[in-house]
Structure formats: structure tokens, C-alpha cells
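Note that chain A is present in both complexes that follow, paired respectively with chain B and with chain C.
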Partner chain A sequence: MVMSETTDSPIANPVNKSLENENIAHGEPKMRARGVDVYYGDKKAIDGVDIDVYTEYVTAFIGPSGCGKSTFLRALNRMNDTIPSARVTGTIELDGEDIYASGMDVVQLRARVGMVFQKPNPFPKSIYDNIAYGPKIHGLAESKPDLDEIVEKSLRRAGLWEEVKDRLADSGTALSGGQQQRLCIARAIAVDPEVILMDEPCSALDPIATAKIEELIDELRGRYGIVIVTHSMQQAARVSQRTAFFHLGHLVEYGHTSDIFTNPAEQRTQDYITGRYG
Partner chain B sequence: MVEHTVKAFDEDITRLRGLIAEMGGLAEVAIQQALQALVQGDEELAAEVVERDAKLDALETEVDAMAVRILALRAPMADDLREIVAALKIGGVVERIGDYAKNIAKRVGRIEGRSHFEPLTLLPAMGELAAEMVHDVLTAYAARDPVMAREVIERDDKVDAFYDSIFRNLVSHMVENPATISSAAQLLFVARNLERVGDHATNVAEMVHYSATGTYPDDIER
Partner chain C sequence: MSASTLILLVLGLGLAGWLAARSRAAMFRRANDGRRIASLPVYHGWYAALWIVIPTLLFALLWSAISDQLVMQQVLASPAAAELPSFGIQRQTWLAEARAVATGAASGVFNPEAEGLVEPFREALTRYNIIGLVVTLLIALAGGAWAFLRLKPDFRAHTRVERTVLATLLIASLVAILTTLGIVASLVFETIRFFGMVNPIDFLFGIHWSPNPMTDGSNPDPERYGAVPLFWGTFFIGVVIAMIVAIPLGMMSAIYLNQYAAPRVRTWLKPALEILAGVPTVVYGYFAALTIAPAIRDIALKLGVENPSSESALAAGLVMGVMIIPFVSSMADDSIAAVPQAMKDGSLAMGATQNETIKRVLVPAALPGIVAGIMLAISRAIGETMIVVMAASATARLSANPLEAMTTVTYQIVANLTGEASMDSASTLAAFALGFVLFLVTLVLNIIALRIVKRFREAYE
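Right after this comes the complex of A and B.
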């Protein structure tokens, strides 16, 4: 008997630890990384990571500072391209398509694999324009009514519509921190992404705003593949169904969140999550 | 075991484990003394056992409070989490073991003509086995030793066999000596209580195994 496997899991035998064990899989992964190394100059920041990301599950990346989890997250939509010394080897596929292939349109990729950052970073524009900007440049809206609809739908999905519907012309930066973060999530949603990467999305927010984001993440699960990097073990336990523990650039353990937090397979994972690290 | 970065967390856990160990010691002594009182007809000792059970109850309350506090304040994970959950359950079970000892002690004054009862010679041996299970399972708990826990579980069969034998013995005794039925029935309950002590020690052993390994002993019927 294993404690508290989430009821949504279709997996017959939840006693699963290793990445090799196929039980971790569910259908086709949305993103598939194999043998991924990331270098900053000569320094190897990520070493041979294999991982699958599923739309059905929120995947949390945990690990101490400098373990490479954010570096790996940024490799998933080629944000590392903006760092001249960064180099990625191995393969990362989105729906079976290599995102590092030479023909890949990076702008398009980042619309499909959106990102939400630690610090809310709305454009210094109106709430409406914050959402409408992406759909406009990606040509997702034919007309003003189309755009209005996308804006409303995105804000609703981000749980922000009721709070801002009467002041869409106000500046996005005038919102509270939690609202700004939900605005950024709405902005990511607006271009109809397939995966949303979140790098510490709640670390600058108070507990109420954090709870709202976590609730939002749970609502968005299933519609989008979601990967969240968090330093809060409790948050990883609350929002994710799959957890990956990174340490010194290695993926130490990847498995069901309920297993990782009740009975991890690896001693290093155990030491980290129980506060015995180093 | 490697220490936590936050030292106070280790202190909390050590304290919780100390409380459980203290409960286990009290429960073991309670069983032994209840049996001793029963065999010797020592009502004074029996009263002591009954009285001392309040201490076990108080310790259980303390274990509960401590465990809840750790859960709330430390948000334990993995083996720590299992440790706290196991402590919560073990505290409850050991308290129940104490209740069985108390129940046996309460019956001491109700047995008449004790020299006629052959089962009275069997009960101490059964009690010894049950008390040993309690002692050893608490040792396994202290050592976080799943192998020893499993060994305790396997011993429960012996206690059950004792119970069957004493049961048959008492029933035939009652048939032959209807005048002693009331006293024999008391002994039947004593045997039953000891059998339950064995079951509860088994439950503790399962929790020790779970706490240490994250799994229950799977090849043993639960």
C-alpha cells in the first residue's frame, strides 16, 4: 500500500520510482528531453537530463540553488539562446519535433511554450494591451471583436476578469503583485500556448495571491502542459503531480509527487526535501 | 541518521520518540504486573496497574499534541513525515495496549478458587509472550528496524495459538465445573485481552516497518 496517490492518476501501480519505469508515462508526452546537456561556456550546468512533460500533469522542478532547474526550464523554450555563452546539446522535442532544429522559428516556439517569471513583468501598457499584444503580433485575431474575445477569455482563464473588467484601460503596472502575475499568466495564455513554463511564479507574492496562482495552475492543468520551478517544497507538493529533483546539474529523481514527498527512492532527494541537505 | 539543518526539528523528533518509548515501557510493565496480580491474587498490585493507566493516557495526549505541532510547524516530508504519522498511530495503539492491561487488572478481584484453574498457569506464559512482543516492537521502533518489526509480526501466531488452547481448556473446564463458570469467563476475557495485545503489537510493528521503509510488510495478512 502506498499513501495518497492522487485519485486522478490512471496509473495502476503507483509504486514507481525511476524514470526508466514506464509507469511514469501517460499517453504521449507533450515535451520529451533526452540526454540534454547545457553549458555556460566550458561549465556544464546540466548533465544528461531525460524527462517527459505531460499535459495531464503539472511537473515541478525542485532542487537547491544552482542545481540547474531554471537553466533546464529555460532550455525548454530556448530562452538560453539569449545568453551568448549558453549551449544546449541532446534533444528536446515538442510533439515529436526537435525544438533546436535549424528550421525552428524561435518566436513561434516561445508562443507555443510560454513563460511566466518570478517577478511579475507586465508591459507598461493598459491591461487590455498587455493581453492583446501577443495575439496581435502572432496574427491570432482578425478583428477588434476577435481580440476583445481573446482578451476576455484569457483574463477569465487566469481568474482575473472579474477584478479588472471595468478598468481594462488602466495600466497593468497599477495592479497588485498577485494580479500582475495573473495578468502575466493571462498574457501567456492569450497566444494559445501548449506548454507554460513558470519560474518561481509565486516567490514575490503573499500567501493569498500565491493560493490564487496555485488554484489557477490546477485549473489550467490538462489544457496546457505546465512546468513550475519552485523553491517551496510545499508548493511543489500542492500543485504538481510529477516532481523532478535536480542536484548539481543532474536529474536525481523524477516521479509521482506523492511518492517523492512520502517515500523518495534516492537518499539525496530524501535529504533535500527533509531539510538535511548539506 | 543525518541531522536536519534546523536542529530544533531533530530535538522535536527525539522528544516525540522519547514519549513513545516511555509509553511502551509503561504498557509492557502494566501487562506484566496485571498478570502477576492475577496469578497471585494481589488486588493491591492490580489497583496500582489500573491507577497507572492514567499516565499512559496522558502520554498519548502529549504524543498527539507534539505530533500535530510538528506537522503544523515543520511540515515534515518523506521519512520525517512517515515518522510523525507512525508516532501518532503508535501512540494510540500503545494506549490501547495499556487499556487491555488495565482490564485484566480489573478482573483480578473477580476470580474465585484460583487454585483450581489450570489455565491460570498458561496465562502468565501467554502474557509473557505478549509483553515481549510489546517490548521488542518498541525496540524495533527505537532502532527503526524493519527486520525486527517483521519478526515481531511473525510471533503473533504463537499468541493466537495460546489463545486457542486456553479457550478450549477453559470451555472444557466450564463444562466439567459449572460452578466456576463466572470465574472462568473472567479468565476467558483475560486471554482475549492478551490476544488483542498481540494484535496491537503487530499493528505497531507494521507502522514501524512503514516508517522505516515507506511500505507495509506486504507478504503478511493485514
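Right after this comes the complex of A and C.
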């Protein structure tokens, strides 16, 4: 299978390696999931998942299609609420606060836990308005100069400013696929979230655009907690420091990316990353 | 020999050809040791049948068009015809009577002078009937033989039959288009005649409308044919009042059905709303005239309006607005549903509420489709006739007061075409000019709307 070369050099990324070696002490996890089950109607899609997400690390979810990794990701900012039959049990905490508690405001939660989707989905508005959308609805900008500043800062952080600064009034949908995806990341950044969830953000992009996004993810690490679902094992190895392997709705193994790829504790993980199945 | 027997005969021949050709093709297969032949036997059958039926029917059509004339020529050449008066109704009557007796439609002549013509008619009819029958049979045989001789194991009968089917479909679709062209042509023709009597400038920009079918012959007073009050009434009832009702209600029901309604509610409500579109407009008409209009007058009286009209623009416009709610809402519903879920998710994931998502993302993204729906609804409203005929009035009035009676283009078309004036008087022809203007306006609206919808579809594919 395609994955065969990954096992040779999963931690070739020097940034990744140095961080792993430092083994820095980290504080409290940003998000903490305990005993999370997700049901679609009567069907259990996720069974008893425990995971911690840290701002210091990029966390990657890997696993074969249909293993529930995207479902679990969407449980982290309650996007599953939009599916009528979906139901979540167990606890997911953001800074120690249960996000499924009745007092939790979903709107505020999603402002704090942003999301980037598999297919770039810019709004059919101008580039400027795409970024300004979130700050406007959350009242983050007092004035037009404030808003301009947020737009510029977000586009700069997403590495898109230089490419679009002269055509902010153009439609967001007129950009290339890779630019659209960075626009979506900039849009998520604009509301100043604490965690950004990325659901296979590169699966619709070519290798060059993919490389740019991966570079961006690395730059954003530390400022935002980042969780990325990916089908590409190379990508997980390149961008993440923590990897969770899902299979059939179970979290099979979760740990340092280098351990998962070089020395997995579970046979199933070993089989998957060496391309035996999946 | 009557036409129906002839058609039965041709169809019988066709059936015979079908059976013969099919069995011959089946024989090819047997002779080929059961190997495949190029076409199924049934296609060979159809090929032969079509070659028999189509040319003969074409000939029959042609023959029925010319045989009457041939018969008449022969009769007029006979010695008995020499006694006919050369012109006028009498000549026509005698000929018609003689003909009726000859064909058996009448038992005897009323005018004894026609008696002498019966025999020549009978002779001529028999003669041309026989000629027609023989030629029909010959053509059928020739067609059948031609088709039959071409049958071979490798003959691709199916492609020929497909081609005939294609031609039939093409002709069927042309019928509707040609009919439309015919309608337009007749409108244009009569409109030009009208503009020969009344200057188009007077018609389009004049502000007094009071045609008099009794006195306006071919020399009308152009001052009485100013259509601006009609255009205004149509615009005021069909666009202003009806849209004030239909756009908000249609949009809101579309948003509710699409975004908020539970699936079970939706499966009941959506068809219920679409029933509105199926109510005959005449029913809306009497609802407007008998229920809404008096109610509006009573309310106006209570509010202190003096002498409110019992036929108000408001009544017609309100009911028309309700009538076109389904047009607006179903187009809006479709266009909102066509906005990708990813767009909605993107907005919700930013922490937007559902209401913000609808207002700021879904509706703007669906706007082209919604606008197109509104334009189609407008073109429907201004062409609407029954409601205004029953609830609006005949009085042409330029007024912005919705409680006053107003008239519309469609109302005046009905009034002038069904009036007592003769077909070539100016007041009747004015109906065609009005119809032509209405046609142009709705055509332009529809074209623009369809273009917008097409662009909109492309944007999300």
C-alpha cells in the first residue's frame, strides 16, 4: 500500500524531533475527553474515548475510513448537534468546563473551538467579508480600523496576506483551492479561538498547497490547540506531536507521534501504519 | 370510401408488412444457424410497416387537400354546370346541395335547379375515389416492396427505426414552438393594425383610457387610448401590493420549511402550501370579490374613509399576493436548499447562531435564485386575469390610493375582446396591442429570471 515508506522516516521533521526530545513539561490539557460515546440513532459510532488536547502540541487523529475520527472531532465543538440523530455521552471539557453541560452556550463554544473543513468552504462573499464575518457576529471589532486590523492579522497568520492584499474585495470563491483553505483557516483564526479542529484539511489539495498548509499548522502550534484528522500517515508524522489511532469507533492507541510510528504498543496500530489494512 | 376505412386499410397493410418483414428476419436468423443478425426481427417489422404507413398517409393528406378541387373542376366542365349562375350565394348553394346529395349526406335537393348537378357530382366523386384508392394501394405496395427488398441479415433496421422515432419526437416538440410563434404572429399582426389607427406614442404614454366600442370604428379618437392607467393599475396591483404580501410571507415560509421545520412537519406543510398554487384562479377571484373586498370596504368605513369603493385595488392585490406565495416560497426553498451544507457548517462552526447563518450566509448565497423566483412570480401576477376581472374594476384610474378601484391590462383585454364591438374596430384591436405589451414584458421577465437561475446553478456545480 501507499503507506509503506512512512515507517522508515516518520519523524524526519526536525521541529518535531527536537520537541519530542526536549520532552517539556506541559500544563493542564486544553481539552479533556473522558469516556466519550457518540451515537447516530441506535448505532454507536464512538465507544469510550479518552483523549487530552494540549495547546503546545498538534494532535493528529488517524485511522481507516469510517473509524469515527471525524465524528469524534465534531463532538469537540458540538458540530454533531446539527445532525438530529447524533447523541453524545461522557464528558468533554474545555479548560475544565463541560461543553455538553446545559449551561454551555454552543455559540460561545464554537467561537472558542473553531473548525476547518475537508473541502474549502469560503462564503460567497469578498475575501475581506469572509474574514470579517466572525469578528462581526461576535462583536470583536469596535470600528472599521479595528476590523481592518483583525482581517490583516488573520490573513498574515494564515500566510495569505501577501497573495491577496491587493484584492480583498474579490470573491473568496475565486481563489485557488489551497488559497481557499488558507482563507478558511484565516477565517477561523479571526475570532481568536483557543482550539482549531481541522477535518482532513488537505485532502482536496495538491501537494504544493498541502505543504503550505502543513507549514502553517506548524507555525500556529503553541498559539492554538490544533487537532487534525488526516488520512495521510506522512502528514500525521510531519505535523503532529501527539497521534491518536482510531479503529471501529475505539481509540486504539494515543501517544507521542514518534512512539506511535516507530514503536506502537498495539498490533492493530502496527498493522495500520505499515499498510497491512485500512 | 370514407377516410376512416382508408386509414384502417393502410394500418392493415402496415400490420401485414410488419408481420411479413418480422418473419422474414426471423428466417435470416434460422438460415444463419441462430447466429445474431444485425437487428432484431421486430425492428425489421417496424421498418417495413413505417415504409408502408408513412408514405401512404402523406399521400392521403395531399389527396384530401386536392381531390375536392379536382371533383369541382370535373363537375364545372360538365354540360349541366353551364346553367349555373356565374356568381353569388345561389351558385354556391346549388353546388353544395348537389354535392350533399351525391355523397349521401342529404336525401334530396331543395332547389330543383341543383338536381341536374347531382349526377355529374356522383360520377366525379366515384372517379376520384377510385383513383385515390388505387394510388394509395400502389404506394403502400411500393413502400412495402422497397422495404422488404432491403431486408438482409446485416441490414441495420434498428438505426432507421430510431431515426424515425427521433423525427417524430422532433416534430412533436416543434408543434408547441410553432404554436407559440403563431400566437406571437397573430398578436403582432393585429397590433400593427391597431397602431395604424392609434399612434403608438399616444397609446403608450397617454393617460386617458376610455374606448367606446359603439362609436370607435376605424377612426378612433387617440385621446381615448392612453394605456398608462392600465399599466399603472397592473403594476400597482400585481407588483406593489401583491409583492408586499408574497415576498415576506413566501420568504419566511421557505426559511421556516427549509431550516427550522422538523421533517415530519415539512412533509405535511410543503404540499399544503403547494395546494395554494393549484387552486383555480377563478376561486381566488370570487374570494377576493365576495369576501375580501367587502371586508376592506367595511374596515375603511370604520376608519373614517368616505365612500370607499367596493372594488378596491387592495382586495385584488392581497388575494393575488396570497396566490403567488407558493411561487416565491418554492423557488426560495429550492435555492436555499441548493446552498451547500458546507457553507452552513462553516458559519455555524464560527459560532454564528442559526439565525445569523440564515441571514448572512444562506440567504445572500441563495439570493440569485430567490430574485429569479420573485421575477417569475411578478410575471405570473401581471398576467393574472381572473382575480382582477372579478375583484378589480373597469375604471381606469391613475392613483396611489389602494382603496380606490383600478383596472389592469388583463381586465381591459377581456372587456374589449368580449365586448359588442366588431373585430376590426379600434377598441377590439386595442386588446391585441395590450396583449402584445403584456407578452413582451412577461417574456423579458422570464428570460432574465431563467438566466439568473442558470448562472446560480453553475455557481454551485
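We take it that the second predicted complex is superposed on the first by the 252 of 278 C-alpha atoms of A that agree within 3 Å, B and C clash if a C-alpha of one lies under 4 Å from a C-alpha of the other, contacts with A are read in each partner's own complex, and residues count from 1 in each chain.
The criterion applied here is as follows: a residue touches a chain if its C-beta (ideal position, glycine included) is under 8 Å from a C-beta of that chain, and two chains touch if they have at least 3 such contacts.
Computed from a predicted model, the values in this text were never measured in an experiment.
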item: Touching partner for A:Thr274 - first (chain B), second (chain C), both, neither; value: first
item: Touching partner for A:Gly114 - first (chain B), second (chain C), both, neither; value: second
item: Touched partner set for A:His138, first chain B, second chain C, both or neither; value: second
item: Partner chain in contact with A:Val195 - chain B first, chain C second, else both or neither; value: neither
item: First (chain B), second (chain C), both or neither touched by A:Thr262; value: first
item: More chain A residues in contact [chain B versus chain C]; value: C
item: Complex contacts: residues of chain B adjacent to chain A; value: 2-6, 9, 75-82, 214-216
item: Chain A - residues contacting chain B, complex; value: 1-2, 15, 233-234, 237, 260-264, 269-271, 273-278
item: Touching residues (chain side chain A, partner chain C) in the complex; value: 77, 79, 82, 107-112, 114-115, 117, 119, 121-125, 133-134, 137-138, 173, 184, 187-188, 191
item: Chain C - residues contacting chain A, complex; value: 340, 342-353, 356, 360-361, 364-365, 459
